[in-house]
């Protein structure tokens, strides 16, 4: 069980969460929804460890996750609208350097398969600056496949389906399903719930924050 | 050819390199461009063959 | 005139004929220039044999400047009349001009060491030649810095033209700069009186290098025309494939 | 009454925008001056703080500082407006791009020049500048700063769409800046050795006028290319 | 009638459209759809005049639109995922400087209404760097309201609903409806057609480009 | 066999990434040298091209050129990695940020130093540098370049999160750089006047070692702040 208890999170001068608690079930998908500016991305970034939690506790299976940032980093993939791709590198190079940065020894075969899982194999030698928005997103999501091989436990995804076409949404659904089979936990921010064909818990911040 | 020609009042270490460098780079440029031109011609031939 | 030459076919036809002539003239003038320059010209009364460097240095300097002028003119043609051949001409000129400016700098340095006792001084000529080299370099780098050739050509052409306005001013202003400070401390090079016997190899070498450049430019333009044809063919077959397979 | 503004109004509104972005707080105003002071310090320390040496090169340092103060920040705003899509908005609007760019360079000129003029006394003390030079320095900073902005915007536009643009920029821009810096320094030097600085000043003004006319067109042409990628 | 005839559009070295033709009806919404990388954004940017059309004709009511770029600029609003907002300006300042750039004399009242039309009035003094993704998008879309006052004829919108919450999608729908009442033409790129409650023509590039 | 790479491997892979991004083509290699030559030209013209003057300040010019060659481009990559979210990826990974930053500064050092060392003869000719200075120059460029990179990354990290970062950067960074340039120039000057440059060299090395240890920690700390905004 993953839970946040009485957390206070600030963004700039604004207190976005104040003494706020929530539970997130492991090995399931939780979709975080809510209106613009309510704090969905803030919450995700806070859980990923990028925004400090001013007060309160965040625990995963009774371990305080921020005690050991490195270990938490091992367990987690975070992808948001910024994608984290260098525009001076190709799709392939981006994926490779990313996995090297995480200290993963991936074979070329794995990289190919990862690209294939989001149908980016044909585009692997495009520079990111030459990719359309949707292709960029897919290049970013190809990381998810790699993470399946390395026992990552959490996916934190901020509006991952935004620029995807219908086919890619299906591929994304497949990735999630494989991750669920591996007992992974997904935290997903999205405004459009109809896109998904798996069971999910809904965490509606509009209701919860009242 | 007498010796003083090659020695050139002790300026030979300046004069010969400047001539050699000039001629060498012009020569290299010439060879490179000619090669390039032949390569292009070959490619064109190949392409127009496969087209027909 | 330019329009008339700018037809690629006509260009090919005409140059086909004159190319051997140009090559012939180049070889003749080069050999005789070298002969007179190295064997049959007097020593300078001040510089002695070192003056022989002049026969490669000055023609290079002269050509570097002249080629830049041609480059800029051709860029104007390209930007104003949008003729693609003009771009091929400019991109053929640039590397040759860059080479000559490097040669000028190198042979000049080789001349400067025995004459001034130093490889380099920041005098107007040398500084403006250095700047000229950087305009060439800028042109070459910029024209290759874009994904689409045409964007690079346009952008680099702008640079070349702006450079044309700047170069005389650089040269003039550095000169001005010197006279402002103090009279030039170095020997005034290339005084008005120059021995006829020295003039002959100089002129021969200028001819040789000019015709050499002309030959190379024509050759490179032709190569580029062929490459363009190849690209068009490739593209066409690609597009046909696309429209067939869908 | 027309709902459409005149060119002058659009022009002023652009300058207002740049001021809003770049002149938000006192930090912005002081930072240019501080930057220049630090550059001067760096130079003076690099050269050794001996008065004779310093007097020889103070004009040079001043001009190089001016160039370094204007161009990088000008480049950055253009780059930023390109990346955040504001240039797309400008190009799909009824306002000519040339006008946008002219106002941008003028705005930059003002943004840099105003704090510099205010802090001129400081530089006079730091660099030990002769007092008879002050009026000339004022004019040459004013005119020279404008041409540096105008050239800076050409340079930034040149590299906007290029692959390794940020690395190319200095190579392209310094050769273009050299005449300006020579004329500018020439003015000060002429005054120092008691000659007339007028010819250098006229050259500087003439050059600036030329750039004033051509720079917006050239940069607009280049930016259209960058956007079309 | 707005039409493209035998157009060829390149992006970098890639020929995205080759001898391609399409018709777009005036005073209607046309949704451009298709898979990632097929050329939707390219098409929109080409119509907006940012990407040159190598060959072919683009005509609106028998006027070649690119003959007079300034006039075409008057008639058109283009918004894509880049938004075109300066992050060092507030939402209000961004909208104001934008309308001034277009040479529009807007009253403060108009600006307020424009912000209100996307419910950004409360956030008007936020710097863009402090806005969440959805708020940024809404700030960008507030321009649409202003354009209703100034007889703009075309809206070219590239995935405008991406980060919007459900409420904002409804507001966006309203804006479109008002524009249609003014006889405006909308070209809209979107992957998710269910979001809209107005009639639209569909231009599916996947089918058309074969 | 472990699937997890060691720190050294991660370190090397980071350096590889920077090289991939920044050393793509010949442009990148030549441009640093060209940039420095042009800076030198600009300075010399600013100062007046007289040999005695030049000899007095050639070391200063060289060091300022080095600083200007390293810091802006280093700053730009960090800024870019921040904006495109790559730093987010690095911070949510099992690799310590400190390691990432150390490799980034080392990579930058190599990227700038290699072309500069290759083109050192050019600078020796242009600036009329005494030949006996060469070995000292080599060492001091090597060591000094490293500390400039290390300081540069602190400065860039400082301004990442700041609202008006781009303007603040030079103000923050120049004071940190000044000691380095003083030691560096001190080495050359000492050789010139036939004194021992060793004390300056040791100071430079010591300073660099200190920065080598603290810079990654300080910058990682600053970047965490920047990301948390």
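Brief remarks follow.
We call the chains A, B, C, D, E and F, going by the order they appear; numbering starts again at 1 in every chain.
Here, contacts are C-beta pairs under 8 Å (C-beta built on N, C-alpha and C of every residue); 3 or more make two chains touch, one makes a residue touch a chain.
What you see is a predicted model, and the numbers here were worked out from it, not measured in a lab.
Between subunit D and subunit E, the least number of touching-chain steps is 1.
If you take subunit A and subunit B together, no chain is in touch with both.
Shared residue numbers account for over half of those found at the interface formed by subunit D and subunit F, and the copies are therefore classed as meeting with the same residues. Of all chains, the one whose CA centroid is most distant from that of subunit F is E. Per-chain CA centroids place subunit A at a distance of 44 Å from subunit D. If each chain is reduced to the centroid of its CA atoms, subunit B and subunit F end up 39 Å from each other. Between subunit A and subunit C, the centres computed from C-alpha atoms are 57 Å apart. Look at where the CA atoms of subunit D average out and do the same for subunit F: the two points lie 26 Å apart. Touching of two or more other chains is recorded for residues 11-12, 88 of subunit E.
Residue positions of subunit C touching 2 or more other chains: 131, 134, 137, 141, 145, 147-148, 174, 177, 181.
Shared contact sites, meaning residues of subunit F that touch two or more other chains, fall at 24, 27, 31, 34, 38, 41, 45, 48, 163-164. Contact residues of subunit B toward subunit C in the complex are 5, 8-9, 11, 14-15, 17-19, 21-22, 25-26, 29-30, 33-34, 36-37, 40-41, 43-44, 47-48, 50-51. Subunit F makes touch with subunit D in their complex at residues 24-25, 27-28, 31-32, 34-35, 38-39, 41-43, 45-48, 53, 56-57, 59-61, 63-64, 67-68, 72-73, 76, 163-164, 166-168, 170-171, 174-175, 177-178, 181-182, 185, 189. By the touch criterion given at the top, residues 2-5, 9-10, 13-14, 16-17, 20-21, 24, 80-81, 83-86, 88-96, 100, 227-229 of subunit D touch subunit E in their complex.
Against subunit F, in their complex, subunit C makes its touches with residues 109, 118-123, 127, 130-131, 134, 137, 141, 144-145, 174, 177-178, 181-182, 185.
Contact residues of subunit F toward subunit C in the complex are 27, 30-31, 34, 37-38, 41, 44-45, 48-51, 54, 125-126, 128.
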